[in-house]
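Input: one structure, supplied below.
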Amino acid sequence: MNLNSFLLMRHELILIAVVLLYLASEIIGGGKNKRFSLNFAVVLFLAVTIIGFLPISTGTMFGGMYQTSPAIILMKNILNAGAFIVFLQVVSWLKKEENDNRIMEFFILIVSTLIGMNYMISAGDFLMFYLGLELATIPMAALAAYQVYNLKSAEAGIKLLLLAALSSGIMLFGISMLYGASESLYFTDLIRTMEMNSMTVLALVFIFSGLAFKISIVPFHFWTADVYEGAPMSVTSYMSVISKASAAFVLMSLLFTVFAQLKEIWTPILYITSVLTMTLGNLFAIRQRNIKRFMAFSSIAQAGFIFLGIISGTQMGMSTVIYFLAIYIFSNLAVFGVAGAIYNQTGKELIDDYAGLYKTNPALTLVMTFGLFSLAGIPPIAGFFGKFFLFTAAMESGFLWLTVIAVLNTIISLYYYLLIVKAMYITPNESPIAFFRSDFYMKMGLILATIGILVIGFIGGIHHYIYNLSFGIL
Amino acid sequence: MDILSLLIVVPVLTILAIAFTKNYKQVRVIAAIGTGIQLFQSFNLVWQYLQERAAGNTAIMVFTKSYIWFEKFNIKYDIGVDGISVALIALTGIIVTAGVYASWGVKEQAKEFFIWLLLLATGVFGFFIAIDLFTMFVFYEIAVIPMYLLIGVWGSGKKEYSAMKLTLMLMGASAILLVAIIGLYIYSNPQGGPLTWNILELANVTMPIEMQRIFFPMAFVGFGALGALFPFHTWSPDGHASAPTAVSMLHAGVLMKLGGYGALRIAVGLMPEAAQEQAWFFMILTAFGAVYGAFGAIMQTDLKYINAYSSVSHLAMILFAILMFNATAMNGAVLQMISHGFITALFFSLIGMIYGRTHTRDIYKMGGLMKVMPILAGTYMVASFASLGLPGFSAFVAEMTIFVGAFQHPDLFHRVATILVASSIVVTAVYILRAAGILLMGPIKNDEFKSLGDALWYEKVTLIVLIGSITVMGMAPLWLSDMIMKSLTPMLQGFVTL
Amino acid sequence: MTMDFQYTILIPILLFFSFVYNILWGRTRSPKIAGLISTTTILIAAVLSYYTAYQYFFNVGLVNGSYEKIIAFKMVWLHFSDTLVVDMGILLDPISIMMLVVVTTISSMVHIYSFGYMHGDDGFARFYAFLSLFSFSMLGLVVSSNIFQMYIFWELVGVSSFLLIGYYYQKPSAVAAAKKAFIVTRFADLGFLVGILLISYVTGSLDFAVLTDPNGPVMLQGASLGFMGLSVMTWALILIFIGGAGKSAMFPFHIWLPDAMEGPTPVSALIHAATMVVAGVYLVARLFPLFHIAAPNAQYVVLAVGGFTSLFAAVIAITQIDIKRVLAFSTLSQLGYMMAALGASGYGAEEGIGYTASMWHLFTHAMFKALLFLGAGSIIHAVHSNNMTDMGGLRKYMPITHITFLIGTLAIAGIPPFAGFFSKDEILVALHQSSHFWYWVEVITAGLTAFYMFRLYFNVFWGENRHYHHKPHESSLSMTFPLMFLAFMAIVSGGFFMFDFGAFISSNLVPYDIHIHWDIAGLSIFVALIGISLAAMLYLKPSGISTKMATALGPVYKATYNKFYFDEIYLFVTHKIIFNLIARPSAWFDRHVVDGFMNMLAWITNFVSGSIKGLQSGQLQHYAMSFVSGAVALALFFLYFMTR
Amino acid sequence: MIDGIGLQEILIVSTIMFFLGIYGFFTRKNLITILMSIELILNSVNINFVAFNKYLYPNLMQGHFFSLFVIAIAAAEAAVAIAIIIDLFRNIKTIDVEKVSSMKN
């Protein structure tokens, strides 16, 4: 092990450096120059995102505690890109007076969670995994409670934090069982020694629930709606995409590596929870009036679809999960971007407020429509391809009826996505949201998200690329 | 760029061009130009196709092109046409053109209207040229989803409810269909090896019968719902009633044919064994639907409802004929798709024009329109005659072919079903003449109507195009029928009986 | 075959062009032009028809002792399958040529007549367009070489009939009548269609040449018992006959014909008396070998339906007061004669006398019934009423109409030397050979015919003078010329002045001599005279006897006057049963049950969604409980599952 | 090491602690007490790790390390939690968990 091998951790190291730079700029500038702070944060992160895509070698460190593979690196890059879009979209909100002097705080917290997620993804050991998870969670609670004098925000923060603590407690209990059963917590050791007994099954279930909590799988999902609603729009957006995607990725890799021997246990678990998640998520989503809450349930339902890919247990399924996650990130960011833009401008976040939006803000509406259609899975927008491949993967592994339930659920989901479309295009409104111009960053954020959801589907090579990377996991 | 892909590219370019227009006048001119080119392309395709066949090309699909799309799933942008799709492409070209002229008067959000309309058309064209199930399905959904906004924004009546119902039912059906399509893919290579979405390759594969039993009904119902298969037709009356004119035209004229085409080519064509096994059940549904739709139409007072139920009845014949598994009946099915496409588009355009003048669609509020608007009323009369299957018009050719084909089954069950379906043409006469009688004849009920004008030039374009198509097909059906027949023969080779 | 008959294609095609021109451009041009175009084309068609008849009968003539069936023109119109092919062709044989002559003659007369009758009407061009359409369709029908071609034109004459009955489209009764005619015939056509389908399946052919070849394989096919004790072929032919019965308004499809008199009178003369309504008879005659050889049971059905209709219609005709309706019922009755004759006919030269008689009666009836209708039109034109109660003593005002009408009446009553006598005599001869029961039925009908026709005649031209708003006057030449021409035909188309009909038309195309059977003829003349004298007694001078008789007969009279309530029965069936018990419920069912089910799915989803919203209580601890219980439940379940 | 007390006894204690913590989480109304319940859960996990390490794999250190990290993170968690609770108290003047339910359904 030499200094060079530290470069395997390039993503994390750079992010840590970014946090430090942010901190330094805050200390030096005192946060007085709002404009500079924002530009600095965004531009720096753009650089980070771009650097992330530079070629990098893969391998393990710390005796296997830290590992990277092309798929992991891709995932990190997707997270970076997603976070970058969030950064773009958050600028207009941070500019507001209420956030004076706290701009860098936001960026520092958010990059911290990203570091946590990166470590979590790269973990080769449950300790590393746990640390990453907590690093991703605790600043998130702080972010959720970011709006200090807002009850909802504080409520969201405490709900997230306490429930996350409970969930990690339970997960830790499971990890301790695993430790008791198999001597080591290194994944490589666990893969070797894993066998089915009551301790490992218990460990599987508890670790699964801990991650399911992060992905918001029914019945571990209840925090989602309240936290999403209470947290600031950008935090919600970030949570719904980056946090969820990373957890889903980790869950997938854990199941396929550490718990590969317990496949016959986790397959039915995924089956049941997936059905429950899709169905309940959809049923709850139908009656939501608040866009954030609505997106919370929508994202719950989407999580159920992710399981279709995981459950298939094939390379095809896994690569499609990553593919789907990428699409999901862009789609959600498109929707949240528009919702955020509107919220920042008018403070409105009810779906009814969107009535007549098309007449006044056609461009925003179009982006929102793309995002919603992508989530609903309507071609030629990327979401369709993601879902279609998930179904194909699941059916290829013989999950016919699960797929049937899933497609029926897409119809319910289509219904509530169309409700927003209806509000924007059809419902007449005496006083619609007036026309407004978004700032440059917001525009870029929306454009990038839109390009993402359009391009990922049309360019078949992307899926092919992901497929070839995924060898790292199996 | 090959001749088939241009069929998608041109409407897409038209959409882009429309996106940069300034006002509704530019929009409609560009739309007219775009669809004009498209119409020319469609006819050119028919011509090229006939040339190709005349030159001795006996491949099942001609003008095939294949580009890899998603390599790992073996998804390709596979395109190609045979006689059936060529015929339906020509139909689409004509209806879209007529539809654009029928919406000449759209001024409110004209840009968006034409964009969605052309997007719908793009989906339809793409569907007909695709021979890769995935690509086909993508285009299928592209064709369906614009309906929501087209009805929701530009519709009338309880448009939001109708649009939502239509979209959900159709997308629900397509969701079921999606499962069937994936099923076809997964069982496309029983011996192991690469799987395929390609229809031609799938046709050579026999899926295990127990899987066919699951996937055939899914595919048939999935497509059937779009083809107004009883009892999945209820989106149609509300949807048509609320939709704006051109949308009704395109939807009933073209989009609903996607259902029949898919049921023929995919459900029955690729899973023939299960199809034959389960045909009896769907035959009961379709035969019942044919009569039921006709009876349902008798007591309606809203013109669009009458026509919607009439469509239910006529489209049931298509699905019925498809289940007969012989070339004659299936030929009739395709002819009926085309014929019904023209006729129903004509009807809906007329209803739209009449509604635009009288502002009511209730037949009892109108009467004696023959006196005030002889061209429109006369055309309505012609459309009525065409719809009730009079010789000289396309529907006669189609229906007779269906009946003759269906009658080739000597057993009592088929006989009774066929006669039941045939009897629907009498009921059709009842409701068509009832509507025409009340609407066009008798004394003028409302004095305000006396000052109404007759058809304008762009309306005449719509009417002439459609009537021309109906009569040409009705009077000289041979070339069309033979073209379709030749393409059906290879498809039927996989069938066990007849 | 030495003659080339290809030019015959012009006969229908010319009229089609005339139709297209008039319907598209007639409205905007002078009405005169429309009329002239139509009339010219039909006259050309008539001339061509006469020429064809001359060529066929005299130049080509007999080949090996019989007439040939000549396919003058043929093209494939549609392939159903390799064997089932629909051709558009022209088949020339004696009956089709006869029909060509009849149709073009009557049609020409009606065209000329209408110049006067329809003068000044708004829809003059439309009227002529439809007349052309009708003539085109009818000519196409009669020359059909293929049963499917016949079906095609069959439908087209149906629609032209619809258009012409509903010509006065602003009159609700005309619209209703047009619809009724169309729907009733369409219903019957369903039988025709199914019959064609059956035949096509059984024989594998649609071509008349194949189907009617008495020595061909077709005669034996479909002979096996098919359904309910009858052979498939019998069923097929009965179904086809249903089609014919619908078009020829045989009982029980007769209800549309009286109402069809709502159309302009020339139309009634052309379509609903002389040409279209005989299509059913022509159809049976066309398929005669099949009926006779392959399905005698079906032929008996033809006889029974024809015989019954002729009596039934004659009885109703006695009580009607609308002159056009009287004529309509008399048409029904006469058509019944023709059908009965076909039903009673044998196959062969002499044995096939019924066939010859039927065709002959078709020919003569076309002439005198057109004459009567046009006469009636002339009267109506003068009096502006249809009711004979509004008429009387018109002989003084309208001499030409009077005389020609009388000739027509005598012809239909079967008084020699007028045409009807000869053809009717032959029919009675045929019936006498075949079935005594139906023979007597028709003899009685002959008497009734004479009675009701003279009742009409006396009531209109004799009896007391009415007070007319305008003094009735004789019609213009364009109207009286056709009357005179047809009166001439009504005299000469019978046996004395005209050639022997059997020399041209027989069931097996072999000519033979026919002669009057005076024993039978004598009886029929006697019966007719009784009828005439009765009519003279009751109606020549105003007398109260008829009304007294009507009151004496009471319910019988009323039932007859109301056409035995058949309209009401049909009305009940359509409105009460079909509309109220099927259509309305199925519309309701669709909206509330089928659609209701779909809506219910949505409602249930919403309901469930609403009822579970309480789960999201906002309470942190509830969330935790759900979390923990979820995890524990999964754990327990899988631990249990594992230990099993 | 005390005689007679094996891994099993320790695990029983830790499991009881775990569920006590969960019980406390479910039933306490005070947010701080709930936080304490979480500490209970985490400490039961710590006991597990240490006990497993001590009894089963005495030559390895991983369990000990893990529990150290858990303790550290628990502290961080508590810090953030208390900060948010204070924020909450500023807003609604109570830290009763049942009052923290402005968002539901």
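Just a few scattered comments:
We call the chains A, B, C and D, going by the order they appear; numbering starts again at 1 in every chain.
Going forward, a residue touches a chain if its C-beta (ideal position, glycine included) is under 8 Å from a C-beta of that chain, and two chains touch if they have at least 3 such contacts.
These numbers were taken from a predicted model, which means no experiment stands behind them.
Remark: the per-chain Cα centre closest to the mean position of all protein Cα atoms belongs to B.
One simple way to say how far apart two chains are is to compare their mean CA positions; for subunit A and subunit D this gives 27 Å. Separation between the centroids of subunit B and subunit D, computed from CA atoms only, is 65 Å. Centroids of subunit B and subunit C (each the mean of its C-alpha atoms) stand 36 Å apart. Each chain gets one centre point, the mean of its Cα atoms, and the points for subunit C and subunit D are 97 Å apart. Residue positions 22, 25, 34, 100-105 of subunit D each touch two or more of the other chains. Residues of subunit B found to touch two or more other chains are 168.
Taken residue by residue, subunit A touches two or more other chains at 158-159, 162, 166, 170, 225-226, 287, 415, whereas all remaining positions touch fewer. Pairwise, the chains that touch each other are A-B, A-C, A-D, B-C, C-D.
The part of subunit A that touches subunit B in the complex is made up of residues 316, 319, 373, 378-380, 384-385, 388-389, 391-392, 395-396, 400, 403-404, 407-408, 410-411, 414-415, 418, 421-422, 425-427, 460-461, 463-464, 467. Within the complex formed with subunit D, the subunit A residues making contact are 126-127, 130-131, 134, 138, 141-142, 145, 148-152, 154-159, 161-162, 165-166, 169-170, 172-173, 175-177, 179-180, 183-185, 225-226, 229-230, 287, 293.
Partner subunit C is touched in their complex by these residues of subunit A: 158-159, 162-163, 166-167, 170, 196, 198, 201-202, 204-206, 208-209, 213, 218-220, 222-223, 225-226, 265, 268-269, 272, 280, 283-284, 286-287, 412, 415. Subunit D contributes residues 22, 25-27, 34, 97-98, 100-105 to its touches with subunit C in the complex.
Against subunit A, the residues of subunit C that register as touching in their complex are 602, 605-606, 608-610, 612-613, 615-616, 618, 620, 622-624, 626-631, 634-635, 638-639, 641-643.
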